[in-house]
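Consider the two complexes below, in which chain A is the common component and chain B and chain C are the respective partners.
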Partner chain A sequence: MVDEATKKSLTCIPVLKTKAGPRDKDLWVQRLKEEYQALIQYVQNNKGADNDWFRLESNKEGTRWFGKCWYIHNLLKYEFDIEFDIPVTYPATAPEIALPELDGKTAKMYRGGKICLTDHFKPLWARNVPKFGIAHAMALGLGPWLAVEIPDMIEKGVISYKEKTEG
Partner chain B sequence: MESTKKLELKQLLLEKQKQEPAHPVREKILQMSSEVVDSNPYSRLMALKRMGIVDNYEKIRDFTVAVVGIGGVGSVTAEMLTRCGIGKLLLFDYDKVELANMNRLFFQPHQAGLSKVEAAANTLTFINPDVTVETYNYNITTVDNFQDFINGISSHGSLSGGPVDLVLSCVDNFEARMAINSACNELNLCWFESGVSENAVSGHIQFIMPGETACFACAPPLVVASNIDEKTLKKDGVCAASLPTTMGIVAGFLVQNTLKYLLGFGQVSYYLGYNALTDFFPTMHLRPNPACDDSFCQQRQDEVKARPPKEQESGRDTSFDDKEVTHEDNEWGICLVDETDPSELEVDKNLGQGLVAGVKAAYSIPSSAAPEVDTNQVDTSGVSLDDLMAQMKAM
Partner chain C sequence: MTAVEWDEVKRLAADFQRAQLSSTVQRLSERNCVEIITKLLDLKLLDVVFTTDGKEYVTPQQLTREIRDELYVHGGRINLVELVKLLSVDLNQIAARAAEIERADQNCSLVLGQLIDKTYVNRIAEEINERLLQQGQVTIGDLTRHYDLPSDFLQMVVEKQLGKIIHGKQDKTDPQVFFTESYVARNRACIRGALAAALRPISVATLLSQCGVEERLFYSIIGKLMETKQVPGVITGKQQGGSSMYIPAIYSKSQNDWVNSFYKQNGYLEYDALMRLGIVDHQLFVHKHFPNEKLLLLPSFAVGPQIIDQVEAAVEEAIATGSMVDIMPLLPSLFEPQDAGEILTEVLKNTKIKSPSQNMHIFCSTMVLTEQFIQKLTKPFDAIIQKKAEEVVSSGAYLLAQAESKLQNNRNLIEQYEPNTKGDRREERRKKATGGKGGGGTQGRETRTKSTKKKYLRGKATAGDDSDEETTSATGKTSGSSHKLEMLSIAEIKEVLAEDETLQEEDLGELIAEIANHLYPSLNKSGLAAAETVFESTMASSAQSRRKTHSDLQDKLNAMFVNVRLFEKGIKQFADKDIQQQLVKYLLKTLCTEITNDVFSYIAQENMFQYDQTKELSPEIRLKILNDSPNECKEPLLKLHKSLNTSSIEEFLNCVEAALGPGVCDMILRKPDKKKERPQLLGHRQALLEQLTSSEDPALVLHLTALILFQAMTQTMLHASGRFVSNILTYLQPHLTAEVFNTLQRYHDLVLKLLTTGSDDDSRSQIVNALKEGMPAIKEIATSFKKHSSTE
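Then we have the complex of A and B:
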């Protein structure tokens, strides 16, 4: 199942209430507010636990999301762009989070750099519609993926450290 | 948005033909003929009429079919329909041909880098220029593309000017299947869902008539049990495996049932599974879930209930009855339909969904009747979206 650390961070993210997708006009605006609120809380939790690891923002319709995530390995910070669209069937189906620059560098990815999730993700998501939102997808999907795949890719030499100008 | 790149291709082909007269190009044929001559590509299909299998084979030219996902199953599906002389095909995919696809049928190495829909339209038009092919090079699950997808398969999509006659889902992911499901529930269109498991050794097709059969959202996704102990299944380091065999078999099932549905012969399978390891083919019929999450599914169910009983379950023809079709003078006593061992077909009562043995739900979902108290819930009262967006950006 899900590891303890993931479980803990998951339970500290507030759950959402509104079952609405991007085709649902006003209800979607309500859902979007809930998404942002859960994300803000999650980032605050991460900062508080000294484990700040991503930023996200969206277009004004909330249908397209982008941002950055980073992973510290041997005191070096590896940073990657994140992007994904909210599918029309959201929240019944989870967003497919992608790290486009890693496309083709690992087998644990689908086309376009979409991360390959564990067998646990989809059932857990399905059981928690509409309570799980983007913050939960990050905690349950991308977080554990980075923890497994990034050290592996560094070890294999398929990604290397790049000096960043901004901290 | 790139769409409806109609047949400038034909023009290109004609020019190519002038330049390279050595390569024979098949010309358009105005009317399907049953004349048996070397030069008639339809003679063996029209023979189905003479043999009494199909009443009106040439009617196939009136039909329009949308194929969503032009991968290992979809490309072969489109080729089969093209060779059968289908009237019009709408092809949807956003992917490009890659050398990593060459373990599958249809695409060739020289097509690497082309969009799948463009490469497919090219080959299909070359095989049979009588088929009208329209390409849509985008991901149907995003908001804007989904609207275009809905428009494409409904109002003006078909040769008759109305909605397409059938939608075939050949996609490889849950999101796209759910998107097709909502579109077809909304538009009240019949469709076939198809799939091959990520371990490449099982697959299925499922016929969905909104309101009459279970839709894709009525229950968790179904999987054909491969009898492999999950613990021994190594998924480390790979997402999915694929075999041209399994994909070809599923495409064959899909097109066979498409032909039966469109031309009204034989029996259409509601669900047909395939376990490659034991060559087991479970079939079943799934009723819709009255508590389905898709509101259009519920609406279609109400419409079906309101119809006079005779019309229910009618479909295009009457061949949907669960009657047993046996050949009249079958001197070998072979039952043509039900070759499945009856003991294997016994419905598993524990599943409670009328699932046949050998097929299971990918996961279970607890009934929403059990209320859970969430102590940690969002509270958005009194905050605006703009404020929240700004707050997030400032973090």
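Then we have the complex of A and C:
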């Protein structure tokens, strides 16, 4: 199961109602709106808890998402790019979030930098279709992954701190 | 529609971006904050104050500001403890801040753990002013209670604001009291009214309670009122505690008027009356009130000179006329006899100065008797006394008393030292008592009663050891004083006095009694004196005779003594011891016994013993006298008495000498004188011859003749009874002629015969005739033998 903090942040994210994928014209719009609302809420929650850890934006149709995420370890901020597409079967299928920079640097990753999510994620998601959205995927999938993998990788020296002005 | 939807999506996307781009809140955990601040504090980069719950920090400036705010909110006064609660900052911090505020700010002050603002001070000043206006006066004490502030702070506040905000006045006597002018005026009016209305003395306490005026204020007001003469009266007594009195002038005036009028009318003042008027210290009052009058202060009256003058005049008159006066009628009826007595003593003091020669006596404390008057009163007693004295002397009571007192003294001498002195003391006291009476006055009476009382007690106390004294005194007339002869009893004196015409009035019984008491000792003394003179005069003769009897007795004793000696010599002429013995016995029984009796009776007389003088002294009576006689006499007398029973003339003579010697009879025994012996012998013979010539009794004639012959023969005297005639004759036989002897022998036989023959008439008459016939011859022998012997 997911840890307490994650669960708590998860509950704070509004659940979605519309079950629609990018192919469902009008309903997708509806769905997209809900996605955005959930994201805004989640970001606001994060900011409010001084726990802001990513930036996201989407294309016009809302089918492709990209942005950045960061992790602070030993007072150093490690920043990585995020990109993922909304699958056609969405929302039945969870989006596959990818950190292309870290491709090949860790075992918990698929080809193309897609993060390897925990065994719990997929059934959890499947149980919560259509309530879960992008925000949930970020909170449940990427957040815990970063918290586990980044310190490990930094220890292994796989990644090193790069001076960044942004943040 | 979809377009709208998309727009909406776009807008949401923009919102999302905005949300992402908005800066995140910098958030520090509590723990971090605490650490940071401690770090800062350590580095002295930050100065903050912790709150009591530990959750907040306050900077000192903030704290100061908050304190000020709270002060303002609370109306200018706040307790530091309250601040602690409100600001939840430690009291120490607040106190420090508050002190700082007080230091920095002129308007704030820290009083009793409370921060007080100037506005507050002004406000309470206004309140005080209001209060003052309402109540007329306030005290700091009240304010302290009301505001719960220390009195010196309030005092300072009030004094500062006095005249500015607080319109009032400070009490001069008590700086803690403030009042308004109107209040004072009101009180003054009240008091003035009350005092003006008062007609009798009123205690300040009741006045205060009635007027509802403060005591302090009252005194200051009354002082002013007195100064301005607005109050008719005076305050007496202490100014504190309400014990003082207000005495209205009208009251004291009427009091004085009454006193004056009473005094003018009556000439005296009664303290009780003054007391009723409310004058407590009457003596002082009288002194103050009549400073010019000479008032005599008695226990319950003050007496003016008028009365004293009256009394004095009366007394002087009495002196002038030599009579008596009772001052009681001259005095107001209220006066007690003892007051009168004091007045009298005072008056007498004056009159003594005027006429010191007059001797006054006070009786019943109100009566004045002049000496002359008393003399007059005693006059009738002279005759009575004289009579009594004679009576007493003649009845022997005086002698008895005298003897008793003498006996008493002797007893006392014999007894222990203590009773002796007791006797002396008694004497002294008696003297004193009588002496005191001479001076007269009540004093003399005093000593008298006291002395009798003591004597009485003494008599009781010593009753044990001199009980026979009591019994002897019981035989006397007096029962009160055992040694003193009472010439006149008090009752008798009273009787005589009551007959006096000047004392005929009623109610004079007491006076008579007192006079009697007064006169009693002197009268008795004079009575005793009179008795003494009477006694002396009777005794003068008796004393003379006594002296004579003394010398007579002396002569007689001397003669007898010599005779005894001579007789002894005569006895010694007899050779026969038996006859000698008998003769000695006879001599002792007759002449010697006579001498002894004379000695004893003399002793008895000298010592005033009681015995029957008419009878011969028997040995028993002698013994009794012996017992009663004084010690130094006892032994010689006892010896004398005993020597009579021995058969030795020599011993007897020695005893007589001792008994007559100095200390016992004080008689002089002449030395045996040869020259004197002769006339003695002649005298004896002459006496015998005379007896012989005059006697007709044949036995006596023969007896005498025998004695004469014996004397002529032996030139010694013989004392013998008729029984010894035959013995004498046998002794004479060798010296006589046979004829003479035969005549004598015959006569002797005849005498014997006469004595032995009973009542046989014939023979008796015969013998008598024969004796008668022979008598001249016998007589002749006696007388002629003398001649014969004288011729020889």
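Definition applied: the second predicted complex is superposed on the first by the 166 of 167 C-alpha atoms of A that agree within 3 Å, B and C clash if a C-alpha of one lies under 4 Å from a C-alpha of the other, contacts with A are read in each partner's own complex, and residues count from 1 in each chain.
By definition in this document, a residue touches a chain if its C-beta (ideal position, glycine included) is under 8 Å from a C-beta of that chain, and two chains touch if they have at least 3 such contacts.
This one's a predicted model, so the numbers in the text were calculated from it and none came from an experiment.
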Report clash or fit for the pair chain B and chain C bound to chain A in the combined superposed model. clash
Output check: A:Y36 vs chain B and chain C. Expected answer is one of first, second, both, neither. What do you get? both
First, second, both or neither for A:G48, with chain B first and chain C second: second
Based on the superposed arrangement, let me know which partner A:K162 touches: chain B (first), chain C (second), both, or neither? neither
Looking at the overlay, what does A:K25 touch: chain B (first), chain C (second), both, or neither? second
Residue contacts with chain A in the superposition, chain B compared against chain C: B
Using the superposition on chain A described above, determine whether A:M109 touches chain B (first), chain C (second), both, or neither. first
Once the structures are superposed on A, label A:E57 by its partner contacts, choosing first (chain B), second (chain C), both or neither. both
When the complexes are fitted on the C-alpha atoms of A, one of 289-297, 361-369 or 379-387 in chain B overlaps chain C. Which is it? 379-387
From the superposed pair, tell me which chain A residues show up as contacts to chain B and also as contacts to chain C. 29-30, 32-33, 36-37, 39-40, 43-44, 55-58
Any idea which chain B residues touch chain A in the complex? 95, 139, 141-143, 146, 173-175, 178-179, 181-182, 217, 220, 230, 235, 237-239, 293, 362-366, 374, 376-380, 383-385, 388-389, 391-393, 395
Where on chain C is chain A touching in the complex? 1-2, 5-6, 8-9, 12-13, 15-17, 19-20, 22, 24-27
Interface with chain C, chain A side, in the complex: residues 25-26, 29-30, 32-33, 36-37, 39-40, 43-44, 46-50, 52, 55-58, 62
For a test of understanding, state which residues of chain A touch chain B in their complex under the given definition. 11-17, 22-23, 29-30, 32-34, 36-41, 43-44, 55-58, 60-61, 63, 85-89, 92-93, 96, 107-111, 116, 119, 122-123, 126-127, 129, 131
